[in-house]
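Heads up, there are several structures right after this.
Same chain, two partners: subunit A is paired with subunit B first, then with subunit C.
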Partner chain A sequence: MNSMAVPFSFARTSLIAGNTFLEAVRQRLFLFLVLLAVALVAGARFFHEFDFGPDGGVPELKFLFDFGLGALIFFGSTLTITATAQLFFSEIENRTALTLLAKPVWRAEFVFGKFLGAWAVVGVFCALLTGLLAVLLWFRTGAILAANPGAFLHGGRIGLGDIAIVCGLQWLKFGVLAMMTLLVSSFSGTNLFSVVMGFFVLVICHLQAFAHQAYTRVEASSVALGLMIETLARVFPDFQFFNLADKVGTEAGLDAGLALRVAAYALAYILVFGFLAVFSFRRREI
Partner chain B sequence: MTTAAEASVPAAAPSSGAPVAIDLCGVTKDFPVGLRGLKLRAVDNLSLAVPAGQVFGLLGPNGSGKSTTIKIVLGLLEPTAGTCRVVGVPSAQVESRRNVGYLPEAPYFYRYLSGAELVRFYARVCGVPRQRLDARVREVLDWVGLTGAAARRVGTYSKGMLQRVGLAQALVHDPRLVILDEPTAGVDPAGSAEISSMILRLKSEGRTVLITSHLLAQIEDVCDRIAILDRGRLILEGAVAELVGRRDRQALIVEALPPGELAELRVWLAARGRALESVEQPRARLDEIFLREVARAGDGRKEAGP
Partner chain C sequence: MKFSLTLPRSFRTGTVVVAVLAATGWALRPLAEPIREELRSAEPAPRLGSLSDALGQGMNVLGGLRAMLADFIYLKACLDWEDTRLDQTIAGLRLATAVDPSSLYFWLNGASMMALDMSNWRVDAEGGAYKVPKARQRQIDREQAALGLAFLEEARRFHPRAPTIYEKMAFIHHIRLRPAAEDEAGANAELLRAAELYHLASTQPGAPFYDVRLQASLLKEAGHFREAYDALVKIYPTLPKAPDDPGYARRPIKNPPPSENEVMAAQAGDVFGRIRDLEKQLGIAPGQGFQP
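Right after this comes the complex of A and B.
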């Protein structure tokens, strides 16, 4: 062995990510959330007591889609925050990080490896639920068309591509959430603190757009409050950008350009929070 | 030999021009305690040179700063003051760890991986070339005597086997410096003796070994040099042979003498201006008896057959 420079390595990062993924899928929480979410999505088909009206096909599909997406968002957010914090702290608390970081490994490789591993777990979860939702909607579309061939003459049909795009954007949103949880974990002393802060951040990211709108409508608001809301709007990403579900099933359909812009927005936040996490973790005592 | 009075002076290499594996110069490490700006000094102006190719023991009571020093050497902690170089490379740089293998105290590894998978993972992390990977993993597992258990999950390993697989992952990238933090903690005497023999094999291969242990007999057996820390300060450093040997005294082991002959011997010595200071019965070491009897019992079972 010589003392040549050790550059940042994507191979090492992916090794750490692979190991993190393997560790995560062995945890019962992952299996439990997957089963629960699958049961909810599949169960949505059996809500017969809802009255979808005389031309029930379009509202029923929309209901199934919204219900499935809701399950994906709720359980996906829970899984993202808990899995990311847990996978990070299991390395610290079990002291496997000590052995790993005593190797020629950059801390940036460790942070991004943990992130990619956790994000891959959430990706598998999203893919499973998206696939299930797509199959469910495809079957119902066929059944509705068989009963009423003109059911979708005025639109309302939900395309598989649209489902994939909407769920894919949610996965990107979970990526931003995972990186923010990792940023908190990089300086946090306990797993619990990271999880609580992760949910806190999630709420801020979902509500900050409403707070911003409300402030701009009310003229008499205080300067301090305005400054705080402006700061929140700059620092925290706006998770409302990722909600393109309303466009699904409409005549206009999803705007692919908008979806790409939202994806770029997510990746930019992932990178910025990633660099902050590396900076924070750089001098952490292991 | 360095004494407490000289400890604050930067230590030079034991012999001028000899290559140095670890060079600590005036290293101090403070940890913040509480919110009032109080600091706990874990390592205090430590200067130490670990010569290449030797087995060096870092000793001290609990809380003396051994683990903090090791973490500084590994680049896991940044010193508050002073410098640390590992094989000539500043320890804060990732490159310095290419030359270092580390077995942590009470190692915990990914329980769901097999021994071979674990060593393979660390080998890939350390950049062992793909074409050498399988052979190198087999080689180190064989070296630590874990070939038979390589396919078993690490979660099923005994304490001794965990230390062995820990040693295998520390050696897989062929480092010049091996750091062993309490390698025999919780290991039975047989396992401890095997680890001692592995340390001596590492030395015979030309590697430098830095070891911490509370088993001073083991340290005495395997180490060339030692340093003793107390409250973060170096209080003693030197070659083991110089520290434990007494050049002004000799021990002669003879067959048991009757009291009359013993008295004659005293008179004979007194006539020459010498004194017989003590007469003792040599004692076998308990670990030697343990190892001998366990080996004998094992041989007995082999002869008896399955």
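Right after this comes the complex of A and C.
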């Protein structure tokens, strides 16, 4: 049946997303990564023993925040790439995609459904770790203040709102990463290729800031060369935009306007990568 | 044989994907550029000047866990320091601070290693303090002090309001550069520079009370009695004299009152004594001087 005979349906998309979500949370990989990340964040206080900074006060909170965010970013990236690729390929390998797409279901519905399901799983992961990190920091802030009421007189206190914004931006970054993984999966032949490419893309996107700076340093001998260099620097999104964690606890603090603009940047890329994934997947023979 | 100019489908798809992404990058410029500029202005630009700097920031690729990673790199630098491996120690310190510039500990200890310890290593490597001519030793001291001060200047970009950085700079000028000066005027200039840096430290939030005492002490040593006197007279009213001192103005919170430790650290009695000593040296008559 031609899927174009029926209009695009958000209901069908959400149905696919719901099933993808359920499938993902039942996976052992998800539970394993959640457990590891939770253990790491919960144990951050003990890892502070390895830190050279002084106990108590701003450095300790900064270490805990950095450590917790590090766990969220590392395991979140791993979860996003592996879960997205696995959830996509499981449909292809189990031939359920054939059955599904034989029905009046748009390939766009399939791609966006898979994305939303995977992104929701990563969202649960992020929410869990953010909550845990917030509780940990709140508890330590209280303890530090009890011991030294003037500990945060000159700043350095990490607000719960700031934690939520920084972790929320990471979730948006994972959204872009998930869509990029889906784009790779839409033409890749194996799950492994998608996962490896997903990690490569992650590294490339994080290095965009350096690439951009390096390109701008090159003195282009002609306008055409300059244009080409500039274009190359703009093919991948810049993941350093999402690293606003360094602003947390500083005097200037986190700029909510900046965070909103970064969020808009992420949503724009999610849509573009989504449409490209659909474009590529439409041409794929299953 | 028949040739076809039709491109493979995968190539066409790939071309479309790259073209759309490039177009998206261009279209998002008005959104992305201000973000990039804002992030760049708030934080020092990526330091790609040396391999270790670039490598350190490259390690930030996956974000987070930087503090832990930097701790291990610093630990390795300390092992190199124990074995007096100069190049490796510097490289390790640079790498640790590139990975996690937020740790003041790395900057301060790293600067001490560069400015104070390494000049001794270099003198030892050239035959020891008895063999190496004094002029050459002074030159090495100045070179290493310059390295440590440059390291602290870099730290100041990340911690512009940390009094400890100014204190460390002052210490290097006082302890290392002053004895390494070519002549008396040079030595005096280093002393005054150290006093100026202690003054800068004392104006930073959370600065310890002793910064002004050190400033005044160095000014006095350089023969600048009036400046030393003014500095002490200015600081004295803000020092806590007792745990329930109502005039304690230094800390902007009302409760709790200054602790015993703070009162001891302030050494208001000692400061008062120094004020009276300076009044004698300045020839200020009793009763005409400072009245608390």
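One rule holds for everything that comes next: the second predicted complex is superposed on the first by the 256 of 286 C-alpha atoms of A that agree within 3 Å, B and C clash if a C-alpha of one lies under 4 Å from a C-alpha of the other, contacts with A are read in each partner's own complex, and residues count from 1 in each chain.
Here is the rule we go by: a residue touches a chain if its C-beta (ideal position, glycine included) is under 8 Å from a C-beta of that chain, and two chains touch if they have at least 3 such contacts.
All figures in this text were calculated on a predicted structure; none of them were measured in a lab.
Trainee: On subunit A, do subunit B and subunit C fit together or clash when superposed?
Mentor: Fit - subunit B and subunit C, as placed by superposing on subunit A, sit side by side.
Trainee: Regarding the shared-chain residue A:R283, is it in contact with subunit B (first), subunit C (second), both, or neither?
Mentor: both
Trainee: Classify the contacts of A:V235 with the two partner chains as first (subunit B alone), second (subunit C alone), both, or neither.
Mentor: The second partner, subunit C, only.
Trainee: Could you look at A:R140 and tell me whether it touches subunit B, subunit C, both or neither (first, second, both, neither)?
Mentor: So A:R140 meets neither subunit B nor subunit C here.
Trainee: Would you sort A:V6 into first (subunit B), second (subunit C), both or neither based on which partner it touches?
Mentor: First partner only.
Trainee: Residues of subunit A touched: more by subunit B or subunit C?
Mentor: Of subunit B and subunit C, the partner in contact with more residues of subunit A is C.
Trainee: How far apart, in Å, are the nearest Cα atoms of subunit B and subunit C after the overlay?
Mentor: 9
Trainee: Residues of subunit A that sit at the subunit B interface in one complex and at the subunit C interface in the other, please.
Mentor: Overlap of subunit B and subunit C footprints on subunit A: residues 283.
Trainee: Spell out the residues on subunit A that touch subunit C in their complex, using ranges where they run on.
Mentor: Per the stated touch rule, the residues are 47, 50-54, 59, 62-63, 66-67, 69-74, 77, 149-150, 153-154, 183, 187, 202-203, 206-207, 209-210, 212-214, 231-238, 240-241, 243, 245-247, 251-252, 255, 258, 261-262, 264-265, 268-269, 272, 275-276, 279-280, 283.
Trainee: Which of the residues in subunit B come into contact with subunit A in the complex?
Mentor: For this pair, the touching residues of subunit B are 31, 71, 74-78, 87-89, 94-100, 102, 104, 107-110, 112, 121-122, 124-127, 166, 169, 173-176.
Trainee: Any idea which subunit C residues touch subunit A in the complex?
Mentor: 9-10, 13, 16-18, 20-22, 24-26, 28-29, 31-32, 34-36, 38-39, 42-43, 45-46, 48, 54, 57-58, 60-68, 71-72, 74, 100, 102-106, 161, 205-206, 251-253, 255-256
Trainee: Taking the touch rule as given, give the residues of subunit A at its contact with subunit B in the complex, in rising order.
Mentor: Checking each residue of subunit A against subunit B gives 1-6, 9, 11-12, 15-16, 19, 22-23, 26, 94-96, 98-106, 283, 285-286.
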